[in-house]
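Consider the two complexes below, in which subunit A is the common component and subunit B and subunit C are the respective partners.
On to the complex of A and B.
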């Protein structure tokens, strides 16, 4: 057996086949959701199992609109967008301070930020509900924006701190020597340099806010204020589950996340590891 | 000066009148939380609430529904934060949990006297509700589902068979038509939350050991560990072990057993009346029918006592809280027109006896079948001990795990039944100790 053949066989068994198996394993649930969403209510439960619908139909997607799913989509978009904006502004500035300044109690602040990540959502749910009730924000999407921002901010700030640490201070100093203010240096020099990192952090914040469920159950009562996860849960009733609409709803809910990954994956791949090693 | 004073006084009077007028015109908001919202219920109640709001100017009635999966957490949260609605609908099995937390208002005779439509509610159902709370009524039933059997009539006609009337006939058909190779079976079996169909089987098989559906013998000991119950469990688990039902049955919940029946994998299904519409959509109304569940050799058949959905009034932490609006709303929702409309739309069995005079009820074979249970002397209700605070958890969690273990051969039927009997005895002893008995 030639060396070339050996290399090809090694690549086949240790690279190509594992990758294909991994892809099948990862993508099968997504394929199955899509497959189910295109079936009518009879085909969904038909035996033998249909691996592709015999009569593909978009009636489940059309049905979503009559069930108010368009509203849920816009509500989720509102929460995720504003949460991402708030988190990005605050974590850019907070991360810079944590990275560049040496102040008294810095370590304590760092530990406190980490400690906030140790509390599960269900523990915070009751006190946060009471706070939102006092603020008159029950059944208001801003309650979710505020809570998602608060709960994700610490982690995003620490991510940003890592990215700032990887950018040499001399870059900023050079900008300031050339006449930039502190804020000007951050905006004109650091942010463009850290674009992949910012995109990764923003995507993290967006996806977390997009999927928020526990707080949404607590703060939202009225259907017109439902976000997508609440809307999806409504398809699972006391005496049956509407699998067709549930699958169609999942496909719709996946779209923004897939779009983010499709357009930003190159930047995210770089950004996710940018702060891992201090330069 | 006099002029100024008179002007100020006049202004004060005008302002007072305005304030009075606005106070008089202010409508009090009364909210209902519905525990299991779906498109049909939401559309129906939205219309009903609009009409109720147009028909009077004292209250603004608000309808809010929740996904069934979210509701328990949602209401629990409201109880803790004292942000409960005025009226809430609950599933039967939730009542013990919330009464144990003292979060539901006891419906005293004084309150019930104000709920005019209470007199139209089936007395037997309210008696069941009183029995689970030591004689106190915490909710008024409005609809229930009856355990029935569904048979694929097209299949039976093709094979020249009759729907099985007894457990023996059923087992014979299970064996005869099990076709594991082609994935076709006579029956379905529910491995997840199996209690209703499983208990019906056990009590029917044993004829309730002569205790008329009670879980306890004359000395107050749980009867589940008796040899006849162990034999009944072995026979029931044998349906799975003998491969007379699908291999997936161990993980089947209600969705899956209904799907097996609807897709033609199985031709016989024991489930409650709620799934009738789904079967009609999947199989066609002429290809299946609902029949009474299987009987034993004595002709008796057992099913869990009726478990209606109920309207309750959450108990405010404020001792001076005014419940008058909640009573008005509850009364409206229990009316013949509103309760009948809901049950007709959802295919549920109404608790308001006057609804039985409505055309849709009289013309429904399913309703007639369910009504027949109540007058049939051979029908025995299993008197599940819902008064035990841990019973709900036991039947949903422990019974699922243990029954699955029996199906998979990891636990013997004897060990399983003995464990359940001991658990029930323990809970009952705790309950009696709390009651000071």
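On to the complex of A and C.
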């Protein structure tokens, strides 16, 4: 066997075949949910199983509106949007402080941030439920905005810190010499330079807020305040075998996050772990 | 004259301002986190010492460690959930870590269409736990599920398997779904870590005639050790936490066979509305996790070079 065929074979077995198998495993569930959502109510429970919808139809998607999914969608959008805004502002400021200053208590703050990552939602859920009761925010989407902001803040800030670290200090120093204030320097110089990274942080926050479930179960009881995960799970409980609508609901809930994820994935690159480990 | 005298004062003030800046920038974050994350943790501890069943307000009050005593002496569900949780976290994370590393390793090689392959392979990361559960439940359904159909076509099984009928196969199902969802997190982290390893290390290994597996175990893995430890730790905590996937897939059944400690807390809180008992359970959960995390960080010698 010549050397060339040997490297070719090695590439085939150690690179190409694993990649193809991985891709099939990772993507097939998406294909399947889309396939199911396009089947009509007869095809969805026909044997043999159809790997391709024989009568593709959008009727499942049309049916979602009368099932209240438009409301769930808007609720999720509300929570995710406001969470993203709060997190972006706070982590832009906090990340700057962590990256650019060596101050007393920096390590404490750092450990505190990491510690918040270890607090499980099921543990926080109980006392936070009481807090929200006191604040009168039960069945109010702001309760979810506040809690999602808190739980994702640490990760986003560490992500942002990593991005600041990768921008040379000389950039802002030059701006400050030219008479820019601190905020002016951040807004005019740093933010444009880091725009893609900032978008990635926002995307991360958006996806997590969009997907929040445990807190939503704890704080939201009224059906009209349901977010998509709550609505989907409730629908599954009620109409468990209505696979077509269930799948269509999943597809609709997936589209925004998958679009946003396309922006995120290139930039995320390990996020806090990379930022944390490399400092 | 006065202008000269006031000059040191101004620089002094400026220095002070510069010192205070980081605290001011961080203040909102710290206040937020203290109010909504650390204060609740203290609260949950207080609540765990109380009898607080929402439906029985007459019996509310301080009861000391009675909830804890009950958990450790009478609660057979608790002991069962501990084992379920261990199995769930350990198997999930091991498979996610190994497969995630493998995927990162192959995606780190240069080939045409690598960007697209990366983006596509990582998408499950963005899917909500509830939806992961729903999608996989659909796939693994007994009669209409495609999983059984594929296995039959491959000749692995002859008859449809009812995956959610007993605890063992139900556990397998939720772990499979969770592995699917968890691989991208590891792959993302390892891709970043792999790209930070300097190329000359590989070059010199090649010159020394090291084989590919040798390079993998003597260079690649040791170089990204910190990342491995941190990712497995975080993922273990998140997996412990991942009740949404289990709720939508098996709801803890059959016969509580897939009820993890987190899910048990959830049902005690939401179903039985026993806030005191649920708090006590969650304090125990936190303690277990803290101890394990601490041992793990020490044992793994995380961040030996320290953060800077």
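In the analysis below, the second predicted complex is superposed on the first by the 236 of 279 C-alpha atoms of A that agree within 3 Å, B and C clash if a C-alpha of one lies under 4 Å from a C-alpha of the other, contacts with A are read in each partner's own complex, and residues count from 1 in each chain.
The rule is short, and it goes like this: a contact is a pair of C-beta atoms (placed from the backbone, for glycine too) under 8 Å apart; a residue touches a chain by one contact, two chains touch by 3 or more.
All of these numbers come straight from a predicted model, not from anything done at the bench.
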Between subunit B (first) and subunit C (second), which, if any, makes contact with A:55: first, second, both or neither? neither
Considering only the touch criterion stated at the top, classify A:90 as touching first (subunit B), second (subunit C), both, or neither. second
A:8 in the overlay: touching subunit B, subunit C, both, or neither? Say first, second, both or neither. neither
Return the chain, subunit B or subunit C, that is in touch with more residues of subunit A. C
Once the shared chain is lined up, is A:133 touching subunit B (first), subunit C (second), both, or neither of them? first
Regarding the shared-chain residue A:41, is it in contact with subunit B (first), subunit C (second), both, or neither? first
Just to be sure I read the superposition right, which of the two partners does A:67 touch: subunit B = first, subunit C = second, or both, or neither? first
Mind working out whether A:19 is in touch with subunit B, subunit C, both or neither, as first, second, both or neither? second
On the A-aligned overlay, A:239 touches which partner chain: subunit B = first, subunit C = second, or both, or neither? first
Applying the document's definition of touch, where does A:223 land relative to subunit B and subunit C: first, second, both, or neither? first
Residue overlap on subunit A between the subunit B interface and the subunit C interface 45, 47-48, 125-126, 129-130, 217-218, 233, 236
So, in the complex, the side of subunit A touching subunit C is made of residues 11, 14-16, 18-19, 22-23, 25-27, 29-30, 32-33, 36, 44-45, 47-49, 51, 90-91, 93-94, 96-98, 100-101, 103, 106-107, 109-110, 112-113, 116-131, 146-147, 149-151, 153-154, 157, 182, 207, 210-211, 213-214, 217-218, 228-229, 232-233, 236, 243, 246-247, 250, 253-254, 257-258, 260-262, 264-266, 268-271, 273-274, 276-279
Residues of subunit B defined as touching subunit A within the complex: 35-39, 42, 64-70, 73-74, 77, 80-81, 83, 91, 145, 183, 254-255, 258-260, 262-265, 272, 274-275, 278, 281-282
Touch list for subunit C against partner subunit A, complex: 19, 21-23, 25-26, 28-30, 32-33, 36-37, 39-41, 43-44, 47, 99, 102-103, 106-107, 109, 111, 115, 117-131, 134-139, 143-144, 146, 149, 180, 183-184, 188-193, 196, 212, 226-227, 230-231, 234, 237, 240-241, 243-244, 247-248, 262, 265-266, 269-270, 275, 278-279, 282-283, 285-286, 289-290, 293, 303, 307-308
For subunit A, which residues count as touching subunit B in their complex? 41-42, 45-48, 67, 125-126, 129-130, 133, 138, 217-218, 221-223, 230, 233-241
